[in-house]
């Protein structure tokens, strides 16, 4: 099977998408645009973590994608709370 | 036989995810409004993140060279895709609600805004 | 095309993007935006840690630099002042 | 050709880490605001940790077997082939143990500095270091 070669052909497309997301995350005129860019960037990176874990043939590398998804959701909630109240409560 | 079918289905889902991420990246850069960009972001997070991770789990189920831990990898991939499926709409909703309530992002080319008509900026280009 | 070239290419792209994020965090005057730029930098550094084969560092570094530090800096900014004066 | 490209990209990673080090040192010394100094201190610590990990990395042993993280998945003392395969492929575990401690201690230092900044704002009414220095006399 040609799994490693297929992944080596697909990963540059993900890198192009990363560059596009990074452009919006750095440029975006308002604060929610920046946070949306970071959000999409991290979801892209989660896919890249798991696909590269298959590429390396190392199953232990895949655990790192779950904290990425969870903590970027936490960043969303923090920034939304900061924007709404200006005070970070519980 | 069934392993080859799983691997080919998973690779197809990974390629679909790459295409969806490209479309979402172009859309995020081309739309002129925060709320329209949110629409492109849903394409990038559901089609571009949930489906490729589930496809990677299918590949891990059928790929023999991963060794005895391939079921661990497949389970972690399915759990991650389920978490993204739940958490990404929740985060986007919180962000959009905060942006609309605190008037951070105006609705720039606007037809009708039922929540707050004073944020509706008419015209603004084509 | 050799296969390990892909890994070096991904690492090179990630490190160049982290340079852009660090420069923009340096020159930005709105401190909330600077905190978000440093979150972008930490996301790319986690990709580099992953490529250098240290998943345990990624498991510790992502909650610290992607979640806890921006939250605490946002607490500090919300209690003090938001813009950096010239 | 392939070897030259690999060396080139490896050098790009190394030099961009040096650029990050220089930018963070500049921000730490010459930016006047306290929160900006804290952000740049975080970038400086992360870059130094990245250098430590970078020293412990080694390239792929052969084109089909990648290097692997220093984690043993099976019990190694029953057959020696597991240990032989591990020592021929795994990266160096000592810098990873050091960095794992350094990240957590960096978080503790940063929490202390953040609450120091809160008290500083209560005392002086500003976080601009030039103002604070002038008020000290």
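The letters A, B, C and D name the chains in turn, as written, and every chain counts its residues from 1.
Assume contacts are C-beta pairs under 8 Å (C-beta built on N, C-alpha and C of every residue); 3 or more make two chains touch, one makes a residue touch a chain.
All figures in this text were calculated on a predicted structure; none of them were measured in a lab.
*Asks:* Computing the C-alpha centre of each chain, which chain sits at the greatest distance from subunit D?
*Replies:* B
*Asks:* When A-C is set beside A-D, which has more C-beta pairs in contact?
*Replies:* A-C
*Asks:* Nearest whole angstrom, what separates the Cα centre of subunit B from the Cα centre of subunit D?
*Replies:* 30
*Asks:* Quick one: subunit A and subunit C, Cα centre-to-centre, how many Å?
*Replies:* 12
*Asks:* Using the average of all C-alpha atoms in each chain as its centre, how far is it in Å between subunit B and subunit C?
*Replies:* Measuring from centre to centre gives 21 Å for this pair.
*Asks:* Multi-chain contacts in subunit D: which residues touch at least two other chains?
*Replies:* Residues 66, 68-69, 71, 73 of subunit D touch two or more partner chains.
*Asks:* Mark out which residues of subunit B touch at least two other chains, giving numbers and ranges.
*Replies:* Answer for subunit B, listing residues that touch two or more other chains: 69.
*Asks:* What are the residue numbers in subunit C that touch two or more other chains?
*Replies:* Where subunit C meets two or more other chains at a single residue, that happens at 1, 3, 9, 55, 75.
*Asks:* Would you mind writing out the residues of subunit A in touch with subunit B in their complex?
*Replies:* Subunit A reaches subunit B through residues 1, 3, 6-7, 10, 13-14, 16-17, 19-21, 23-24, 30-33, 35-37, 39-40, 43-44, 46-47, 50-51, 53-54, 57, 59-60, 62-63, 65-66, 69-70, 72-73, 76-77, 79-81, 83-84.
*Asks:* Applying the document's contact rule, which stretches of subunit D touch subunit C when the two form their complex?
*Replies:* Contacts found on subunit D: 2, 5-6, 9-10, 12-13, 16-17, 19-20, 23-24, 26-27, 31-33, 35-36, 38-40, 42-43, 46, 49-50, 53-54, 56-57, 59-60, 63-64, 66-71, 91, 96, 99-100, 103-104, 106-107, 110-111, 114, 117-118, 121, 126-128.
*Asks:* Of all residues in subunit A, which touch subunit C in the complex?
*Replies:* 4-5, 8, 11-12, 15, 18-19, 22, 25-26, 31, 34-35, 37-38, 41-42, 45, 48-49, 52, 55, 60-61, 63-64, 67-68, 71-72, 74-75, 78-79, 82, 86-88
*Asks:* Could you list, by residue number, the parts of subunit C that touch subunit A in their complex?
*Replies:* These residues of subunit C touch subunit A: 1, 3, 6, 9-10, 13, 17, 20-21, 24, 32-33, 36-37, 39-40, 43, 46-47, 50-51, 55, 58-59, 62-63, 66-67, 70-71, 74-75, 78.
*Asks:* Which of the residues in subunit D come into contact with subunit A in the complex?
*Replies:* Touch list, subunit D to subunit A: 66, 68-69, 71, 73.
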